[in-house]
Amino acid sequence: MSNDIIDGILEAIRLLFTFDRELWGIIEVSFRVSLTSTFLAALVALPIGSFIGLREFRGKKTLSNLINTFMGFPPVVMGLIIYLLLSRSGPLGSLGLLYSTSAMIFAQFFLAVPIITGTAKAAIESVDPTLKETILSLGASERQLWWELIKDSKKSIIAGFLVAFGQAISEVGAVMIVGGNIRWETRTFTTSIVLNTRMGEFGMAIALGVLLISIAFIVNYGLTRLQARGG
Amino acid sequence: DILRAQDPKRITLATTTSTYDSGLLDYLLPKFTEQTGIKIRVLSVGTGQAIAYGQRGDADVILVHSRSREDAFVNDSGGQIPYGIHRACVMYNDFLIVGHSSNPANLQLGDNITTVMTKLKLGMTEGHNTTFYSRGDNSGTHSKELSLWSLIAWDPTTAGTDYYKDVGAGMGDTLLITYNDANNRGYTLVDRGTWLTFNDTYTILNILAKSVKGEDILLNPYGVIPVNPVLHPHIKFVSACRFVGFITSPYGQALIDAYRKNNAVLFHACFGTCNETHDCSTTDDEIVIWRPYHSEFAGLSI
Amino acid sequence: MNLLKVSNLYKEYYKEDKSSINVLSGINFSINKGECFVIIGPNGSGKTTLLRILGLLEPPTKGQILYYNEDLCNISRYKKVQYRRKFSFVRQKPIVRNTSVFNNIAYGLRVRGMKWEEYINDVNDIIKLVDLKGLEKKNARSLSGGEMQRVAIAMNFVFSPDLYLLDEVSANLDPMNVKLLDDFITKIKQDKEKTIIMSTHDPLEAIKFGDRIAVLNNGQITQLGTPNEIFTAPKDEFTALFVGYENILSGTAEMDLKSGLTIIKINNLTIVASEQVEGEVKVCIRPESIGISKNPPSNVSYRNNFKGNIEDIRDLGNTCHLIINCQSERFLATITKLSLNNLELAINSEIFINFKATDVKIL
Amino acid sequence: MSNDIIDGILEAIRLLFTFDRELWGIIEVSFRVSLTSTFLAALVALPIGSFIGLREFRGKKTLSNLINTFMGFPPVVMGLIIYLLLSRSGPLGSLGLLYSTSAMIFAQFFLAVPIITGTAKAAIESVDPTLKETILSLGASERQLWWELIKDSKKSIIAGFLVAFGQAISEVGAVMIVGGNIRWETRTFTTSIVLNTRMGEFGMAIALGVLLISIAFIVNYGLTRLQARGG
Amino acid sequence: MNLLKVSNLYKEYYKEDKSSINVLSGINFSINKGECFVIIGPNGSGKTTLLRILGLLEPPTKGQILYYNEDLCNISRYKKVQYRRKFSFVRQKPIVRNTSVFNNIAYGLRVRGMKWEEYINDVNDIIKLVDLKGLEKKNARSLSGGEMQRVAIAMNFVFSPDLYLLDEVSANLDPMNVKLLDDFITKIKQDKEKTIIMSTHDPLEAIKFGDRIAVLNNGQITQLGTPNEIFTAPKDEFTALFVGYENILSGTAEMDLKSGLTIIKINNLTIVASEQVEGEVKVCIRPESIGISKNPPSNVSYRNNFKGNIEDIRDLGNTCHLIINCQSERFLATITKLSLNNLELAINSEIFINFKATDVKIL
């Protein structure tokens, strides 16, 4: 059964080129959810993370520790918490968001925020302090300084974004609970892989896995090229 | 999304993995949608989770197989508003005990269930040549397994044996783990639906015990219950009832009976007749309640 | 009115073991508008720290900095930015942003809200002035040490600040560029609205530009005055060396009541000085003040006459340094090449050195 | 019913202080597996990652891209692959490692390796090149240089280790497949949380989640203190 | 035999737009054991790049570096380390490891496999020598610019390499520490087994230490010779300025066949020089060579005599710089304070300047 893997790869190629409607739906959901959530998380986390990295204040150490811890927040638990919030009997139940891609984006958003916050903070902190001083002495306001430092450490920040995206797209616990793995609607690569595994369809599961990492590689490659061009 | 969620054209069904993974629902539901225009979103989860979803109002209707918990779900215990109303028995299949063909516990197909359980117990406690894998997840199958052990008045979880493994997983996973038993001496309890889905994958596993004629303890009835709209006003009760009407209707029942996987029958329709085949008490009340919903599907045939 | 008044400024740093060291202690001075204030002092004396504090890049531990009567140590973040925009700060070891030379130089104008059309000319002008034409598109991080220094200068001068803070700004520059910088600073000095505070290790620079010179030693201002005051009356060893009294000897001074002169015993030598001091002293004599002759001098106006041997001759272009050993004390004297040849001096020649009592500076 | 979360926290405290034998077993397995796998991964990944960061060679870009991609390798797929390897019909089936903590360590090891490799590489690369030159010019051999750079960037490297550890301990897909969530043997925090979720025991699941992140916080805090002391 | 022989060395860098620039092109020279080889040149001329290549920190694009006849450009990584251990390299902008001063200085010995007991004394000795006593436990990254420079020097000198590569090593040092470094280098020079290659912007340093001086300009060695050769016959503008011909004028030269002298027309001025050249030339006159008088000089040994106005007087301690405008050409002359006072010169005074034809250097 070790040529399952080879079979999986062949199956992956076949699947992709038969333009299976369901497969393309899964690709779409997976990427929409993960990209949107990571992007939204970046919008929130980048300012917060870089701000923490920029300033000195009391309690910064504890806060950093907390962020570090939350970087390893178990997705299942996050899924559960979001589920309890969005559940009909939960405080936000009336929104009826459960089992939708919005709910999935919501959950992955909260998983990505600490990761991007933590890496942005570390990136800003690792900028040479004399560069900070130089920028300040040229008359930059705090916002302008912040922007310069973001630009200067964009490599690490993009790396953090990639980690968060990679985690989001390969994450299964949270999207399973809040999305429900509903066919045609909230099924993603990973939930589909789990389903296939459960059903003993290892070949198909592997095929999906191979597809997922191939696509991730292409996205990655594109981002790296973009980054190289921007640099 | 808010609009869509309140759309009575879409209801949510929480069910156990065995019904969904067997492919039955993918076969059944499009027929329902075709007839009524109502789409069904399926949540295929653990039994406990499905029931919890029903209790919290996150599903409109549930389809599970754990009789005692279904009863608790529809009972107004202590004057509480019940979570669900009007359970209907839809179909059944049966449980099997499967294991490696080396069959160290020496189970025979003709053995009655107490003999089987005793042999397994001895294999674990004295022969040390038998490993029993338990779902251990409070699912219908798990409750059934525990009730089988209680037949011989033995509690494996407190017996302190190393040969009883609580795997805390779904049926497919448990079967897989049994299959991978390193010493070829694994046994487990499995429902026929799941077994038929996997049996050509795990060719070294065999059915080693099944229901003997006249013994209905190994039967596995599935019940469908709409969630109580009194408790959760947003529940699309009417649509849910139409769904229950659909699968209990002669049309739906015929569809269930006709479903084949790998040329094998997975489920037997039993609405209204389960009293005759095993001790799943369907009240006449239930039949009366659901009969009107059948008219919508009258005259359809497969 | 003073432009800037620093009172009682302290700065402590914490060492690894949590003990603190005072890098600046009790600094007091004030600066007038249009002045060029030069800070000199040995390595580690606190020059850079002082300039960084004045540039609002670091808060002092204690003390007050009044700028037009506003205390710069107690203002909001926002106001700090406003003040920083009036100042410029050229670092001792310049660092540039990771972008082109042009963008680096334009940055100061851009953060002040200027648009491309508004700053392009100014930036191009200054690029020409600092002789970086042709390099403007190059990434500033790949420049040589001196080129980067010039970018740093241009970066800070382009927005024409009110207060220039310059930290050893001519280090790493080649002589051509040092001249260029000189012209720059001279031009700023002519504008009476602009104030300069600079640190340097180059005495010529200090004299050339300083309206006043402060000597910082060990975190304290040990002397403050016009270049003339500092150069003619250095108060400590560092300053003496800095201003060129390169012969520094230690001895015991005694007053000679008869002549009113001071007699200083340095091992086997006795030096006569015109200043009146007693006790353990340090004696400084400029190399230029020391005369050389082949024969014992007949002229008696030189009160100090010693016989010695030439230990070494160092060629300095058209002048030379002679190292002369007189009774095991070494003296450094500067003479012209011409005299060297005329006197036919060579290593180990026996000669006489002489200097006037008024040329002996006692610390 | 949103006070599920509060109930969960109370339950977590109760659980911890009743010294539930099963709970302590779970804590032990979780930490043993995650710490061992992360540690072993660090042993392998640190040299590789720092070596890639140190040297220039052809194909380095593609390799970096690959590492980036593998940093987001879906744990479920990794679980599947390891499963296929260790399964009775797989090439390593005869070892009988499936459904043991060894198998779990194995799977998490492969998940952690790219993360630690990638972060170590980035950390080494972000060291000021002039520092590298200075160390070389002082006569350091490549190994000595390598060690200096590791020491110089230990902050980022420890951060990478923490991310890998956080992922390992909060990961569920792989350990579930190869470990099997067998009670008393291979049940971890996360598989236990999933089990409780499946059983509809959301409160208990949350309680376990709260416990997990609290313990992770303490571990984190300890590591940070250690790091601060070492610095 | 030569210790080091550099032949046909090239170094290209790539710009952002992938076009390349030649930072070094066709460098050839060789160095003998025990020599002190000084590299001078304007900012960006390639001094640092050359030293980095010699220090095996960067490969050249093309060319050969023979060290004891082994080509350093084509050796294994392992051998490179072995060679680097024979060399030391003090950077222009030193950087230190993030640890204590002591550990920084000991590092070079530690990587060579020495044990604590073996190196502790050497390290402590050199700490005393560079005057860092008391700072040895401090983190080296928190030092001042000059202190860090001294750590860098100590770091590189402690393991007593065969070849010293020193890149503008005295920048940022205060005069006291410059002296200290001088003594250091002098001591190394006395050891005939040790070779020094250094770059500097300080002419005095170049003369003081250089056995030979190479002038690097635009990536090429434009002149190479003993200090005397370089200082008396600078071949280009930079070198002329570097060695002190600070008056550089452009004009057209014509030979006067009758007198054998060269007549150079510079706008309205005509300068007579003893060198024989024709065409467009640059003329250099040292400020010290220019004499000043109040009245037209009666002595005719000066072939160049111009009337001018004093535009500016800059005080340099006991000498001054005069800026004199003669027919709109500006001359810089150095005179003593004494003469300034004797001649009663002031800004706008009308004076006469004069210099000999032999003092005019034509480039």
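As written, the chain order gives the labels A, B, C, D and E, with residue 1 at the start of each chain.
In this section, a residue touches a chain if its C-beta (ideal position, glycine included) is under 8 Å from a C-beta of that chain, and two chains touch if they have at least 3 such contacts.
Everything numeric here is computed off the predicted structure, so don't read it as measured data.
> To reach chain E from chain A by way of touching chains, what is the minimum number of steps?
2
> Give me the two chains with the most inter-chain contact pairs.
Per-pair contact counts point to A-D as the maximum.
> Computing the C-alpha centre of each chain, which chain sits at the greatest distance from chain E?
B
> Once you find the CA centre of chain C and the CA centre of chain D, what distance in Å lies between them?
56
> From the C-alpha centre of chain B to that of chain C, how far is it in Å?
Using C-alpha averages as centres, the distance is 91 Å.
> Can you compute the centre-to-centre distance for chain A and chain B, using the mean CA position of each chain? Integer Å is fine.
A distance of 36 Å separates the two centres.
> Taking the mean of the C-alpha atoms as each chain's centre, how many Å separate chain C from chain E?
Between these chains, centre-to-centre, one finds 20 Å.
> Can you list every residue of chain A that touches 2 or more other chains, as numbers and ranges?
87, 89-90, 128, 197
> For chain E, which residues are shared contacts with two or more other chains?
Each of 93 in chain E touches at least two other chains.
> Which residues belonging to chain B are in contact with no fewer than two other chains?
If we look for residues of chain B contacting two or more partner chains, we find 56, 170, 173.
> Which pairs of chains touch one another in this structure?
A-B, A-C, A-D, B-D, C-E, D-E
> Of all residues in chain A, which touch chain B in the complex?
Interface residues on chain A, with respect to chain B: 87-90, 93, 95-100, 102, 180-183, 185, 195, 197-200.
> Along chain E, where are the residues that touch chain D in the complex?
52, 55-57, 77-78, 81, 84-85, 87-89, 91, 93-98, 107-108, 111-112, 155-156, 159
> Considering only the defined contacts, which chain A positions touch chain C in the complex?
Answer in residue numbers: 128, 130-131, 133-142, 144, 148, 151-152.
> Within the complex, which stretch of chain C touches chain E?
13, 15-17, 41-45, 47-49, 92-93, 135, 137-139, 142-147, 149-150, 168, 171-179, 201, 203-204, 207-208, 227, 231, 238, 241-244, 288, 314-318
> What part of chain B is in contact with chain D in the complex they form?
Residue list for chain B touching chain D: 45-53, 55-56, 136-139, 165-170, 173, 177, 179-180, 182.
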